Amino acid sequence: MRANVHVKDRVAIVGAGLTLFARRLLETPQELAWEAASRALDSAGLTLRDIDCVVIGSAVDAFDGVHMKGEYLADGAGGFSKPVIRVAVGGGTGVMVPITAWWHAASGLCKTVLAVGEEKMSHAYPHPQGVFAYIWHPILERPLGPNLIWIFALEMAKYMHECRVSKEDIALVSVKNKRNALDNPHAQAPANITVEDVLKSETLVWPVQLLDISPVSDGAAALVLARESVARKITDTPVWVEGVGFALDSSFWYNRDLSYPRYVEQAARMAYKMAGIERPWKEIDVAEPHDPFDYKELHNLEGLMLARRCEAPKLLREGYFERSGELPVSPSGGLLGMGNPIAASGVMKTAELFWQLRYEAGARQVKKSLHKAVANSWGDLMQAGTVIVLSR
Amino acid sequence: MRAAVLGIGWHGFRPSVPELSFAEMMYEAAVRAYEDAGVEAREDIDVFVSCQEDFWEGIAISDEFAPDPIGGVMRPTMTVAGDGLQCVGQAFMMIRSGLAEVVAVETHAKPSDVKTLQGVYELALDPQLRTLGPGNPLFPAGLDAVAYMKRSGAEREHLALVAVKNRNRGLRNARAPHAARITIEDVMASEPVVYPLTAYEIAGYTDVAVNVVIASERKARELKGEPVWLEGIWWSTEVGSGTMEWHEWGRMPSMKAAAREAYRQAGISDPRRQTDFAEVEDRFSFMELLSLEELGLAPEGAHRLLEAGHFDAKGGYPVNPSGGSLSLGTSFEATGLVRLLEAVLQLRGKAGGTQVEGERAIVASWRGVPTYTSIVAVLSR
Amino acid sequence: MGIPGRYVKEEELKRMAGVIEYKPTAKYAYSAGQALSVFLKGLREGKIVGRTCNSCRRIMVPPREFCEYCHSPAGEWVELPGTGRVETASVSYISARRAKLREPEVVAIIRLDAPGYRGDEPDFPGIFHRLCGVTEEEVKGGKVFGARVRPRWRPEGERRGSITDIECFERW
């Protein structure tokens, strides 16, 4: 397994913007995309005229209720009369957006790229869970009438069983992230909760309880990327995209061991190799792993090689991943605290690292000195890993 | 910096391929493309890209099923919700950036699996527009056709002539299930489906999977395939499908913009002199004429040149020698790659009964109603 | 400058002008294809059939025409006993549309018994299905992990070549 990485041109993130993340927003999908995009442009001191190319990320057409959603979002995302591409790798879409924007710029064919992630889940009525009925294999799985949480519950149970992890340990992720979100004005579900609260919340599909899951959400997030020569003119503090990686595992998710996300490791190895990182557990200063469920943060930390297999829960218990810890994880509040508008969430995580690396994260700012950061998204049928490494 | 189309493979080209699942069709196309390129799926390919849309597939997050049939499991595989040519564009960028040297691009379509095509098209319209009950959701093509005719002076007979040229031409192409021996009279005598377009002037649907291997020039010279050079490729979106009111009716500015940049990459200043033939958008008859104008291939009016036989296979500048989408059919996001396939076979001299002469070709595709996105590529031998 | 985006309560939404209710008309008839057709036919006959990869020799259930790891064509068909062990399990209290279920259901991944497999391989022939005769407590206590199970078939006349021809997997 290998990835060819002989990259020629450096690319930086030079601006970022977010909308509010909330259960139901008044704005249309295009308006949400535009709000995030214009915020990102403003933060870089640019206008749409300065943008060469647009990359849109949106995970599921059925949420917004529009077929060919990329075309629908195009003008809202700033794509009027521009080359526009929409990427879609399910829950992995978020981080795939800046990755795709990266090669747009690194190819030399675009000097500047606007990268926008949007999801409006409140359109699906009565509940977005209904939409998930269509993610299954239509012949082998859909007839069983599965709900989406089933499979993640199966994965979580496998992880708990294999690594001897307790629900209490996992609940600590939710406690940490929701608390971190108290400092994030965009957050949907900030809260001071206890492990007890998580364990007492409604059990949906054991071992998954209500407070183990990030809430469904409407929202958008955007980034501006630029090639080195342009980036240096836009800002004195560009944040460099040092490495990108992505991998998809087999779609037969019940034919493989779910206790470890090997595809996340695969994607991480690609990104680290490109970034020249050999010991990520030592070299990464801050991380935003995908946390649609609390156990996923631990799972992804292990896949990202920031903790050994089965070791993440122990480190968490010791405070290692607190904002003041050795390796701050999800200082943004993560999806558990921020809400999870699917494709927007990974862009949000990348944006958070951008702000952290520039020491612009305000009350959320990690106090220690920061140099390298990593974010990942995860998705599909427990098979997609997308990873981005940034540096200041 | 050009790249190479090193290998291409396909399976299907029938209105219905009931005996295979979409994944099995993808596998068949992939095996053929990799054989053609002389690459090992699990050894030589750096990145796998799939182009597909959820509602064509009938599966939400349909990219879940992308990696297995194309050899992309546990490898860098990603999906673009767009036409296959846009995926070729992503491959082109990946190669230029240094991320990859060999990229496999996959698209597939099983329109025969979709039982409510009209309903799916309607779902692409802005929700507010759907409440108007637009009848046939292909109506924006009718609006554009009428505006185009008014602006250019083209008559309905000119549109019919496109259908006659392409559907008859397709009779020579083994991949053209919708080819037919038809006359202008047949077309003019039939009732429009969406005025002014008759059923003869609207492409049918074809089940197909196409896989194409794109490689860096260095790698292409090292491997054994038969490279056709990808000199330039670009795409553009004029307006969003939710704001079609802003579209410049009777024009396709996205195709003009895509062509401008693709030509720049290929070093083309006069496409009429510097290219020899073209495979262009024709899922609606008028789109062939409009495309030719936007591509700068008919500044004096495409319908006049068409009338004069200039775009015939034996004319001054052959257009759609394959029979075009009117003969091949449209295949959702595979439509663009189907046209790329035909151009590649032409440039390799392997187009059989549809062979024309030429060193350099243009491939131009549009994403269809209700989008205003086009993609243009320049290929050479 | 405030944060863009205005939160709307559900009741508020219902009172708003311009709200559209729209139910997509999207229907499909998926082709099962070569490999799955044989699998489904097997189910109708009360059999679980898999397929061997010519290259890496693994057994694939559900069967496919090709091995996704080797990207090479699949070879021989093999009939498996259908028995296996619970790889992982969970208890669902909600329906596909998130309505509360009256009776919780137990779902699981079954690692199927197959010739040449020891039972600890990272890749294995497997099925995603329901478990019956298992209590919530047994799942939560971790007792069903590794438990031996077999398919409970629907009566012959009721089987129609679907994954639901297996009612569930039960302990034995």
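Letters A, B and C mark the chains as written, and numbering starts fresh at 1 in each.
Throughout what follows, a residue touches a chain if its C-beta (ideal position, glycine included) is under 8 Å from a C-beta of that chain, and two chains touch if they have at least 3 such contacts.
These numbers come from a predicted model, not from an experiment.
Student: More contacting C-beta pairs: B-C or A-B?
Tutor: So, comparing the two chain pairs, more contacts are at A-B.
Student: Taking CA centroids for every chain, report which one is farthest away from chain C.
Tutor: It is B.
Student: Which chain is the middle one, judged by CA centres?
Tutor: A
Student: Please work out the Cα centroid separation of chain A and chain C, and write it as a whole number of Å.
Tutor: It comes to 27 Å between the two C-alpha centres.
Student: Nearest whole angstrom, what separates the Cα centre of chain A from the Cα centre of chain B?
Tutor: 33
Student: Report the inter-centroid distance (CA atoms only) between chain B and chain C in whole Å.
Tutor: 37
Student: Could you say which residues in chain C touch two or more other chains, in rising order?
Tutor: 22, 24, 28, 30, 32, 36, 68-69
Student: Which positions in chain B touch two or more other chains at once?
Tutor: In chain B, the residues touching two or more other chains are 55, 58, 67-68, 73-74, 120, 123, 127.
Student: In chain A, what residues contact two or more other chains?
Tutor: Within chain A, the residues that touch at least two other chains are 62, 65, 132, 138, 250, 252, 262.
Student: In their complex, what parts of chain C are in touch with chain A?
Tutor: Of all residues in chain C, those touching chain A are 3-10, 13, 21-22, 24, 28, 30, 32, 36, 40, 60-62, 68-69, 87-98, 107-110, 122-130, 136, 139-140, 142, 145, 162-164.
Student: Can you name the residues of chain B that touch chain C in the complex?
Tutor: For this pair, the touching residues of chain B are 17-24, 27, 30-31, 41-42, 55, 58, 67-71, 73-74, 110, 112-116, 118-120, 122-123, 127-128, 130-131.
Student: Report the residues of chain B in contact with chain A in the complex, numbered from low to high.
Tutor: Residues of chain B touching chain A: 1, 46-47, 53-55, 58-61, 63-68, 72-82, 86, 89-90, 92-94, 96-101, 120-121, 123-124, 126-127, 234-243, 246, 253-254, 257-258, 261, 265, 367, 370-373.
Student: Taking the touch rule as given, give the residues of chain C at its contact with chain B in the complex, in rising order.
Tutor: Touch list, chain C to chain B: 18, 20, 22, 24-36, 64-66, 68-71.
Student: Quick check on the complex: what are the chain A residues that touch chain B?
Tutor: 1, 3-9, 28, 30, 54, 58-62, 65-76, 79-90, 96, 100, 102-104, 106-109, 131-132, 134-138, 244-252, 262-263, 266-267, 270, 379-381, 383-384, 386
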